[in-house]
Structure formats: C-alpha cells, structure tokens
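Two complexes are shown next, each including chain A; its partner changes from chain B in the first to chain C in the second.
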Partner chain A sequence: MDGGSGIMLSELRTMWEVLKHTFTKAETVQYPEEMPYLSPRYRGRIVLTRDPDGEERCVACNLCAAVCPVDCIALQKETRADGTWYPEFFRINFSRCIMCGMCEEACPTYAIQLTPDFEMCEYDRQNMVYEKENLLINGVGKYPDYNFYRVSGMQTATKDKGEAKNEAAPIDPKSLLP
Partner chain B sequence: MSELIPVLLALIILIGGVIVAAVLTWFERRLLGVWQDRYGPNRLGPLGIGQVLADMIKLLFKDDWVPPFADKVVFIFAPTAIVVAMMMGFAVVPFAPGMMIIDVNIGLLFFLGMTSLAVYSVLLGGLASNNKYALLGGLRSAAQMVSYEVFMGLSLMGVVMMSGSFSLVAIVEAQTDLWFCFSQILGLIVFVIAGIAESHRLPFDLPEAEHELTAGFHTEYGGMKFAMFMLGEYLGLMLISCMIVTLFFGGWHGPALIGHWLPPLFWFGFKVFFVICFFVLLRAAIPRPRYDQLMSLGWKVMLPITLINLVITGAVLLWMEGAG
Partner chain C sequence: MPTIYVDDQALEVAQGENILEACLNAGLDLPYFCWHPAMGSIGSCRQCAVVQYQNEEDTKGRIVMGCMTPVTEGARFSLNTDNASKFREAVVESLMLNHPHDCPVCGEGGECHLQDMTVMVGHRDRRYTGKKNTHRNQYLGPLIHHEMNRCITCYRCERYYRDYAGGNDLAAQASHDHVYFGRHEEGVLQSEFSGNLVEVCPTGVFTDKPFLKHYSRKWDLQSAPSICSGCAVGCNIAPAERYGKLKRVHNRYNHEVNGYFLCDRGRFGSGYINSDSRLDYAGIKKPDGSFMAVHQQQAIDTAVEWVKNKKVAGIGSPRGSIEANYLLRELVGAANFVPGFSDREAGILKAIVRILKTTTAINPSIKQMETADAILILGEDVTNTAPRVALGLRQAVRNKAFELAAQMGLPQWQDAAVRNLAQDQRSPMIIVSATDTRLDDVASQCISLSPDDIAAFGYGVAEALSGRKSQDEMVNQVAAVLAGANNPLVISGASMLHEGIVNSAVAVAEQLHSCDKPSMLSLCVAESNSLGLALLVDDPNSDANMSIANLTKQASDFDVVIVLENSLERRGLSEQIDSLYKANTKVISMDILENTTLANSDLVLPAASYAESQGTVVNSEGRAQRYFPVYQPSTERLPSWQWLLKLAVGCEHGGLANLEYFDQVVAACANSQAAFGRLVDVAPMRDYRNQGLKVPRQTHRYSGRTAMHAGVSVHEPQQPQDSQSPLTFSMEGLNRESPAALMPYVWSPGWNSNQSLQKFQAEVDGPLKGGTAGVHLISSDASGAVEPAVPITPTLKPHHWRLVPVHQVHGSDEMSVNTDEIAQLAGRAFIAVGAKLAEKLGVTEGDGLIVAPHNTELSLQVKILSRVAKNCVGFSAGYLETLDLQPGDLVTLSKDEAWVQPTSTVIATDRGPAHV
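So, the complex of A and B:
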C-alpha cells in the first residue's frame, strides 16, 4: 500500500464530491410526460416531401436505395405522360432503418427528408413497413422554394429547353460551324 | 406479561425486518439515483414505492429452478442460512431500554458469531452451484470474510475494554456521557470497513463482482432463492448499521442537549437511518478494489490500526486507573 494515505484521502474526496450531488437536479427527462428537445436536424422518421406546386419531388432515381447501408428502401420507377419520372411504389422498412440520414444526403431533389419524430412504435412488425402513402407529406419540408423540374434542364410538358431557372437558352451547335 | 414482550418483539422484528429490507431495496435505488443525478424507480405508486411490491411479485412467480448439475440439498439450504443467521443477530440488538429480545452478557460475541455463520451461506451457495464463477465467488468470500472477521472482532475490543462488558446494554449505558465514536475513532473506522466487507456490500462485494464473475456465488440462483440472498444482504446491512450505532454512536441515547426531547427508539432509528445512508453513499462513490488490494488493505493497514488502537486504549485505561 504505497501512498496509502493518499488513496484514503482520494476516497474521502470522492465521497464528498458524490455527496454534493444531493443538491443537484436530476438530468433525466421524464419522457412520456415531458418531451425531450429535438433539434430541427434530428434524424428521425423519414418523409417524402412535395415541391411548392404540390407535386411529388421524388424522381425515382434510386440513389437513396443504393446508398442505404441496411437496404431498407425499395422503389420502382414509372414514367408519366410528359416524360417525368415518379416512383410507382416507395417502401421503407423502418424495422431495418437506422436513421443514418444517408438517403437524405444522396437525394438530388430534396425529396426524402428526416424529421424530428421518433415515436413510431408498433405492436405488429408488419406495420413498420411504410408505403408511399404513409411517407408522402403535403409539404415542402426543409427547402420551401425548391422545385427540381424548374431548375433542371430537362424538357417537360410545361417547360421547354432553356426555360429553367438560371438556364441559358440552348445553343444550336450547327450555327457555330465556320 | 413480561415474558410475552420478547416474543412479541421477536415477531415484530421477524416481520418488520423483512419489510424494512424490502423497502431498503427501493430506498437504496432512489438514493443512488439522487447521487447519480437521476431518479431511480419513481413510476409505481407514491415516490415509486410500489416498485417493492412489483419486484416481490416478480420474484415470487419465477420458476423455482434447481440446476441439474447442482448439489440439490445444499443448494436449497444455502440461501436460508444467511437469512437465519442475520435474523438471529437481531436478537441481541438493544433498540431502546427494555426493548430487546434477550440481554445476554456475551451479546457482542453472539453478534460476531452470527455474522460469521452467514459466511456459510455464501460459501455453500458457491460450492453447491457447481459452477466456476460461483466457486470463485465462494472462495473469495471465504477468504475475505475470514480475514476481515479477525479485525472486526479485534476492533471491538477497545469498546469492550472501555465499558468493561460484552453485554450490549452495558456498552450502551457506558456511552451515556460520551459516545465511543470519539474515544474509539480508530475502532470505528476499522469496524465500518470490516462491516462492509462482512456484509459483502459494495465496494467490497468481490464475492459477486458482476463484471468479472457474472454474479459470483449466486450466479445459478433465481426466483425466491435469489431473493433470500438479497434479503440476507439487506438484513446484514441493517444489522451492521444497528451494531455501529449501538457500539459507537450511543445506541438509544440522543445528543447531549436535545436527547430527552424524543423517545430513545426514535434516536436509535434515526441514527441507523443515517448509517444506512452512509453505506449507500459508499456504494455510490467508491469503486470496487482488486482482490489482492482488498487483502493487503486488510492485513497491512486494518490489522496494524486495530492493534495500535488496542494498545493505546489499554495504556490510557491503565494510566487513568493509576491516576484515579
């Protein structure tokens, strides 16, 4: 027992430090009665957002499903009459989802977003599988003004080439010939 | 009528001991919560005291299982031994003047004997389980308790010298003017540390040491047999606290000036409550020592302190005798 008195002193000091906690408040948040603060960037339940015009933002590019580390996203591409893409079905299995947020980072159209909500317990495991109608919300989420088809150069029924936001008029390459 | 009082008291202690031990499980968790900045069990009933009932129901309805590889008779006997031994120890505790089951002139030795018997419970439980963790826990507890018993007994000899009796009532009455916690401070320190080791509470719970021995000697125990071990542990905690109060903090005597305002039983309970809180504080604050540290603390620090205390106490008593 080298430095035995030092050890004893440190034990007594420890006891004093612990005793002082008699007068400190508990850190616990009494959850069901008292809600914990969730920051706006909290990674919780996943939603599919709509653009400002009320159309689905998702273009079924499959990047979210490809990047998902637990393969919990499944979707199928379908083409509308005007040539735009949309998912025929979009399915997230939340019993697999780890809320990592990589799908949100991968999404080129800000369609898939994570929300500060974690209260999604179910008694039946089947109910953890969310279909598109469960995921789709009537809002724009974190990016209120963004509309993919208005900024992308793609031609749709309502807009021609060169009519997108900040897009220059298309150049006829043949006119550049000498 | 006067013969009935000890019988009644024995019944009260039997039932009350079990109830208080059950409430202590909840109280300890709440108090640990306070010191660790959390709440502990607070959902069931007022302040969460219903947790006691819930735990009891859970333990009662568990399968009363004996492992096929265990030594059945000893396996079942082991948990009862600690409860019986600890309950017997309460027989000599003087709660208030006249409020004790029996006043024997060797009360102190009886108490030491009963706490020593409790070792058998842990030892046999560990041996009968036929499991390496249980065996290691049993081995440790045997070594730990046998070593700490040595200076647990010796640390009390100063008290015995000063009061001139092994009777607990005589010891309490000898503290009317000055509690022994002042004159026998070294004895008190050693007795408290040995008491923790004896009731194998944290930080000296090496027989269980859950991070290295899963649960030590009661690894194979479940249901009510496990509850018996826990009951025994909490009874041991209560018994050691009662003895600390009796031997060093004046038993039923109140503090000098305000002592007569309240009944002796209140002062006894009040002091025991504080000692139990102190034991819980030890659990909250101090990490478990290594096994060899425990042994070297015992033999290299505690034993010399005890012997020094004995020599000083004897010398002072002889000097005062010569002077007076």
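So, the complex of A and C:
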C-alpha cells in the first residue's frame, strides 16, 4: 500500500471516532456533586462487620495482619468469659493501606471487608489511623449468613460441645459401649 | 555405614537408624506425627509411610512405616511414588475428619505441626459429609489449656507425660474413635514438667494457658536467645515479646543441657516480668519514708554524689549476671564486696568451687547424666531444686531397659518394644534424703535420714567401697550397687545447707574413681548464677572474705552500701538485716520487683529483668551461658550492669570509667581473673554478622509494623537500635546458620512449628549445626577434693524436732513465685511431718501447727509426707513466711487450735460453673 495515503486515512478515521464520541453518553461524572456508581466489590475503606446475631465477627486470628503487605494492621487478642476470642484493640493505619484486599481474602470469618467508600481525606494524618470503634459497623456487610462460631468446634456461652454445624454429641470416654 | 536408596538417590546412613531419621537427616521432608526424637517410634500415626522395594527390579513395592523400619544395606525406598504420597494424604484426610474447624481461635495456629503436615501432603478438600466427633474439655490447672476436639490421637502426650516425665495423672481413655487424653477427673496436672505438653502435642489439644490470655501468633513474636533464671541448671530458653510485654517462654534446644524440655517453673515462671510491682522509675527516699520519682540522670548524679570518694560496700547477687557482679566488685573494691549469699550458703558454695576445681570425678552435663547406670542421690530433692536434672535422671534409670534391648538386638528407638521388654526393671537409683522426694517412684531404694546422718551414710559408702565394710548393712548394699556399675553418678547439693553432705558425696564419687570407674559427681546449687558469683569471689589474688553478718555488724563503718538485685531478708536473719537498715549508712539498691530491701533503701534504681538485658550466668555444671535482651526495657529501667557502669563513670573510677560496651565489660572481667578467661568465647561479640547482617529477633513475617505505634502517633518511630549485642530488633537478617548461642527461634520453610528444630540440628537428636552453646569455666586439676569426715554428735532434746528444708518447684524460687499462676500452685508456707508424728500431734493435712524455734512462734499449715527422717520435720524453704526458720534448728511443735483452714486457691474450673 502507498505509505502517504495510509497516514492520511488513519488520521481521518481518528478524527471521525472522536467526533462520534461527542454524541455518546459521558462516562465521567461531575464528582463530588454527582456520585459515581461503585460495585459492592469495590476495594475501598475497610470495615469490621458483625455476625447475624449482632456479635463482633472478628476472632483476632491475626491472619489479616500477617498477610498485609504494608503491615498496616495491628491487633491484640483478648478472651471473653465464655472462651471466645475478640480483638482487644484493632487498628488500621489507612495512611499506609493500599486497599489491596488481601486482608479480606485471608479473613476466615468474613469479619474484615472492603467497602466502596474511597473518600478518605484528612487534614491531619493522625486521623487516618482507625481504631476498632471506627472500623466496626452494625451489620453483616457482604456476607449475610455466616457465623464462625456456629461452624467451629469451640464451645461458647450459647453453644455447647456437639452443637456446632455437623457435630455429633460429645463422647463419654468412660462409657463401655462401642 | 549402610547405603540406602531413596527415590534412586544413594544415602549414606548411620547403622541402627530408622528410615524416618535417615530421610530427615538427608534433608528430605517426610511427614510424621507420633515419632519424637527424644521418645522414639511407636508407629501409631501411620504418617511417615514410604514404599520399600525388594530389589532394583521390583517396581511395585510395599508400604512400610518409615519410623518403624531400620535401615539395611542396599535397601530401596521411595517417598514420592504415587502409592506413598497418596497413602500419606489419605492418612491426613482421615485425621482431619473430626478436626473442629477452629484454627483461627486455636493457640497453636501458625506453629501447628498438623497444619504443616496437611499442607505438606497436599490435602485440601473435605469429602466426608458425616458428623464430627466431639469431646468435653477438662480443667487441667492454671498452666495448661485443654481442647480435646483437636486431637489426632498420636499418643505423644501420654508417652511424654507418663513414659518420659513419669507423671501418672494423664492417660489415654476409651477406645477406637472415642480415644480421649486427659485426667481421670478435672484437676491440676501434677507433673512439674506438664508444660512440655504444649510443645510435644503436634496440634492444639494442650496449649499454654497464661500465653493464651494475651495471645500473639508465633510470627508476631520477637524472641532472643536466653537462659532460664529459675534455678542453676541453666536451661536454654527463647522468651518472646509483643507490644512491650513478655508473652511466653519456649524451649531453646541445647544438646547437652535441656534438650527439648523445660520444667514448669522455667516455662511459666516469668510472668513477674509483666507484673505491676515492677519498678518504673528511680526513687529517692524523702524524710517521711515515701519515695520521690526521679529521672535516670538525676538518680545517677545523686548516687555519684553519695559514692564518690566515700567508703562504700557492695552486696552482689547470685541471680545477677557475672558482669553486673564484677562491676560492683570493682567499683567498691574486692575487700568491701559481699557476694550476697547467706553466710551458710556462702560456706557451701566456697566448698563446691574448691571441689569442682580439684575433684577427680567428672562434672557431667544432663546429657552425660543420662548415661549413668547407677545413681546415688545424697540429700537433694532434685525435682524441686534442679528440675530439669530430675527429668534427665528419669531417662538414666532406663539404661537397664536399653541394656536388655541391646541383648535382644532391639534398637533404642523401638520405644514400645523396649518398654515392654523391660517392664519395671530399672537401673538402680538410691535416694538418701530427709524427706520424700519426687523421684521416689523410680528409685530402687529410698532411705530417710537426718542431714547429719546422710553425711555419715555417704562417708560410710565411701569407706565400704574402699573395702572397709560398715556395720550398717544398708551402706554395704549401696556400696555394692555402685561398685557394680560402669558409669555411676553421685548427686548432691547445697539445698540442705549442710556442707557435710556435699563432702560425703565427693568422698563416694572419688572412691568410685579410684576403683577405676568414670564416676560422675553433680552438685546442685540454688540460683541461676550462684556458681558464677562463687567463682568471682574465689579470687586467688584477694583474701577478702566479708560475709553478710560482718557487713551488717560493721554497717556504720561504711558511708554507702550498694545492693545489686538482692532481697536481703532472704540472706540473713531479719534482725541482722534490720541492723543494716538502721545504721547511719545510705543504701542504694537496684532490683526488678518491689521488695523489703528496696523499701528500706535511700535510693532505688529500677533494674531490667533478664528478658530486657544481657549477661552471662554460670550453671551448676560450670557452664557459662549468655542471655540477650528480648526487647528494650521500657520507662526508665536499665540493666544493672548499665546502672553500675554509669555510676563508675560518674565516680571517675580508674579501671571502669573508660568502658562503654557490654563486650568491653566482658573483656575486662575476663582479664581480671584466670577463671573467667574464656568469658569472651561464651557468645559472639556485638560485631558478629551473618551474611553481613545482624541476627534478627523478629520473624520474617512480623506484622503490624506500621500500625502498632500508630495509635500514639502516625509518624512511625525508628526501630530500636541495639548497639550492645549481635542481635537486632528487626526482621532483617537470616535466622539460619548462626552460632548456637544466637538462635532466637526456629523456623524453616514448610515447618512453622517447633518441629522445624530438626532443620537446625546437625543430625536427628544431635547437636545444633551452630554447635552447642556455653563454655565450661571450671576445669578440674583432678588432685582430689576429699575432706575427712567431721564427726558430728547431734544434740537431741526430748520433744524437739530438727528442721530440714523442703523445696518446692513452685514456691521456693524468689522471682517466679511473683507470677500469678505459680503463686496459685505454690500455695501457703507449710510444716511437713510424717503420718505418725501427725497422729501423735493430733493434726491432719491442712491443720495448723505452732512451730517454735528458740525465741519466736510461727503458725504454719500442716503437710503430711510419705516419709520423713526420724526426729525431723520439714518446712517450706524459700517461702516468705518461713524465711527465718534455719535448717538444723530444733523446734517444738504443738497443734494450733485457733487455725482456720484456708480455702483452696486452685479453682475447680476456669470457665465458671456453666462449664462441664
């Protein structure tokens, strides 16, 4: 093909495409007056959720902290009177967080979830440090049904040994029956 | 050396090994559960299956258990063939059928051998849809948490607890898939070594209860190589910290000392470090007796003002490091330095140093003690005074079993077969003591004698060994037993505060030596650095010999007395010590916890605990070992050696003022006395680098670095710098291939649990690749240490009893008893009598007895012992209430009618009444 005319055609085509887009619906929105749509799976501000019974889901297993590539999660395990675990404190330093979502993937109890909120601007960097009271929401987030302690074999105040999902009643080791 | 072929790779293996050991030695990852290097094989878990082939042509082979198959020349195996790996995966799948889906809330998670092995065999998805078995948990005391659902029935706990550690209150119950490991009923585990269940259990059935309260994952812990301060055995430990608190203590392998196991005092007795009664700031006493908190520099300035150019005395500490004691001794001058033992203990330690420097007998490590085939224990309840040694002695009595096994051609690792063969046959162990001991159950003979009679008995045995038969037939019997042994071991120590007993033990050991036997003599001392301090004052260049009694009498001759980590009320009678406080002498003391000495001082300095400082201690074997700080001391605490060095610098002390680094103090100490010449070799100096980097205290997956301090300020602080040691407060660096003295934790890819230790050992159950930590400071010139017997005619008064100390693993140690859990187990001070005497006095266990030594009266709880020597009563040694009772004193006893029996401090359940 003749080189010169090829260049000319390409540029005309580009101009035509651009012109055409003048008449299509704009993808950009007038943020902040107008809010964009973000899917529920969007990876924004992190929250700690509650289970369907309204209890804290986080059991302080430390997996989120271990998997965090920027080490911005710190927590300390504490025990309730019935033996269940919860975080005494749970801190995320959002000034370090890269919203990668690895913590959510690692979480075995669906406690830690990322939300479609990305508007985290502060004048003072210290305000980017979220403690448990800032992170904990009164809801189940994306996973409405899961309650770790209903599945786990650990005895709790409301669930005896053998009452978890798929568990048989406790064995009496002193019984002579087969 | 046979050659075997594993997946067509030729391996040179040691004769008598099994395939599992051979594979682990070759660095191959063969999963296992029930096998343990210290406990051998029983082949119960079926996890280490490999395929064995008849010959080169055989392509089918058959599955055998690696741990149960001895190596034979030319044998062919495969780990990786489909058959073997599918079998191993199926085994894990079946073990996981009842596993309770609770790893996130399990104290083993992240360092779980079951997790590691599950990943290693590649099992992922659960196929079984049936119901899971469940079990009820038991309350096992304040130290061990029980979660039976997690059990994979490998039987390691039972084999450790009963067979290895000699416990009798934990066992397997029921059968088939109902098997249960626990006590016959809820209650405190009775063994002094129960804490090792935490490390022995491959999953989370037994976990560390105090640690669980403030739990952190293994990867989040910052650890340093350290030495236990609970007694003088010098077990190697790895204490771990997070958020400025000491979280737990784990075993740190030392081939010659503690091996894989610790006692409960060592593992759980460090909680006092997080105690509220720790000192945070220095304080100067105000005229009204209260203290005014001052800053470090102000405290130093005050101390310098008081000390400079004045007449100063120093009291050292048997629980302080050599370096701190050395600095104090140099600062005040050798003539004004008191080692800080009670006067009686000082005399015995002087004798022990003399003995160790001249005896013809071998001074053994625990590893050597385990080879003994006849043991004589004179006056020592080893389980309570040097617990880890007692665990070694329990292995030594099995030498009879190994001897029988060798005759049958059975290898030692065939654990079940060897035990079955031997039944109750054991190597002889003779215990001569004033009261019952915790080794009585494995002893061939227990003899109850008063301390003076124990010494006479020992000398009698020595005489009988030399050919002069005694009139006492028992003496002749014991002598005959020892004479028939190849590796006899004699154990004694300072716990009875009776020099005659120690000397009689030397007489026996040396008499055995002169009968051409490589006899061993081990002498227990009380505290972590008792022997180091005794060595320090055993200075041939100085004839200074001041005692606590002298010092308290001449207290007003001194302007200032400096007390190093010592609560003086434990070292002398209270009236003696009071005269020191009342004298017009200023007292400067530094210590870790509040105590009466601090309360009576004019200037107190907050000292760092062993977990926050570095130093060298010498164990009863004469092995110098170094501990390193796990984390930096918080608030205004400083390690004692730094307080003393700052004071020396302020006073412009000639020899010390130019020292700055710990290593320089070590070098100065090494130069000061020939005995400490090798102190510089104990551990690498601060300029040591591994591949150009310092040794990391943190794991490579240490989390939360940018968030843990963000609550205080989002501006992250610099990591603390450690200019004093070869370790760093960081995750940067290699945790491999460093010397044994610098091994903070064990971890290897794919091996997150403590089983990764085998990757650090030169061979299975052998020394570490980095050698064995510790340097022997005492070598004997073998000139003989026997002293002639001092004939004692004991004075006996009618209706009087002689006091003998009864030591308790939980309670007798000064520091560990400040840990809540240990205090709970220690219970109250007691007076221990035999059943007959109790009947005569009309008391039963738990009643009160009025004990009256010369001029005081003391009401104590009665404890009934299974055997007590004639005319003797025991008292709880080291308990605050009984500090003024002196061993050997005569007392009268009468029932305390007004005694109110205290309610038990050990609770019945840890989860309230709802828990069944």
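Everything below uses one rule, namely that the second predicted complex is superposed on the first by the 139 of 178 C-alpha atoms of A that agree within 3 Å, B and C clash if a C-alpha of one lies under 4 Å from a C-alpha of the other, contacts with A are read in each partner's own complex, and residues count from 1 in each chain.
Methods note: a contact is a pair of C-beta atoms (placed from the backbone, for glycine too) under 8 Å apart; a residue touches a chain by one contact, two chains touch by 3 or more.
Keep in mind it's a predicted model, so treat the numbers as computed, not measured.
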In this superposition, the partner of chain A with more touched residues, chain B or chain C, is C
### Query
Of the two partner chains, chain B (first) and chain C (second), which one does A:M35 touch, if any: first, second, both, or neither?
neither
Message = Contact-wise, after the overlay, does A:M99 reach chain B, chain C, both or neither (first, second, both, neither)?
response = neither
Query = Taking the superposition as given, does A:Q126 touch the first partner, chain B, the second, chain C, both, or neither?
reply = second
Exercise. With the two complexes superposed on chain A, say which partner A:M154 touches: chain B (first), chain C (second), both, or neither.
Key: second
> Thinking of the overlay built on chain A, is A:I137 touched by chain B (first), by chain C (second), by both, or by neither?
Replying inline: neither
Query raised in the report: Once the shared chain is lined up, is A:L9 touching chain B (first), chain C (second), both, or neither of them?
Result: neither
Where chain B and chain C land on the same part of chain A: residues none
Seen from chain A, its contact residues with chain C in the complex are 59-63, 65-66, 68, 70-79, 81-85, 89, 91-93, 95-96, 108-109, 125-126, 128-129, 131, 148, 151-155, 157, 161-162, 164, 166-171, 173-175, 178
As the complex stands, chain A meets chain B at residues 1, 4, 11, 14-15, 17-19, 21-22, 24-28, 30
Interface with chain A, chain B side, in the complex: residues 33-39, 281-282, 284-286, 296-297, 300-301
The answer for chain C against chain A in the complex is residues 100-105, 109-110, 129, 131-137, 147, 149-150, 173-174, 176, 178-180, 182, 212-217, 219-220, 243, 701-708, 710-711, 713-715, 911-912, 914-915
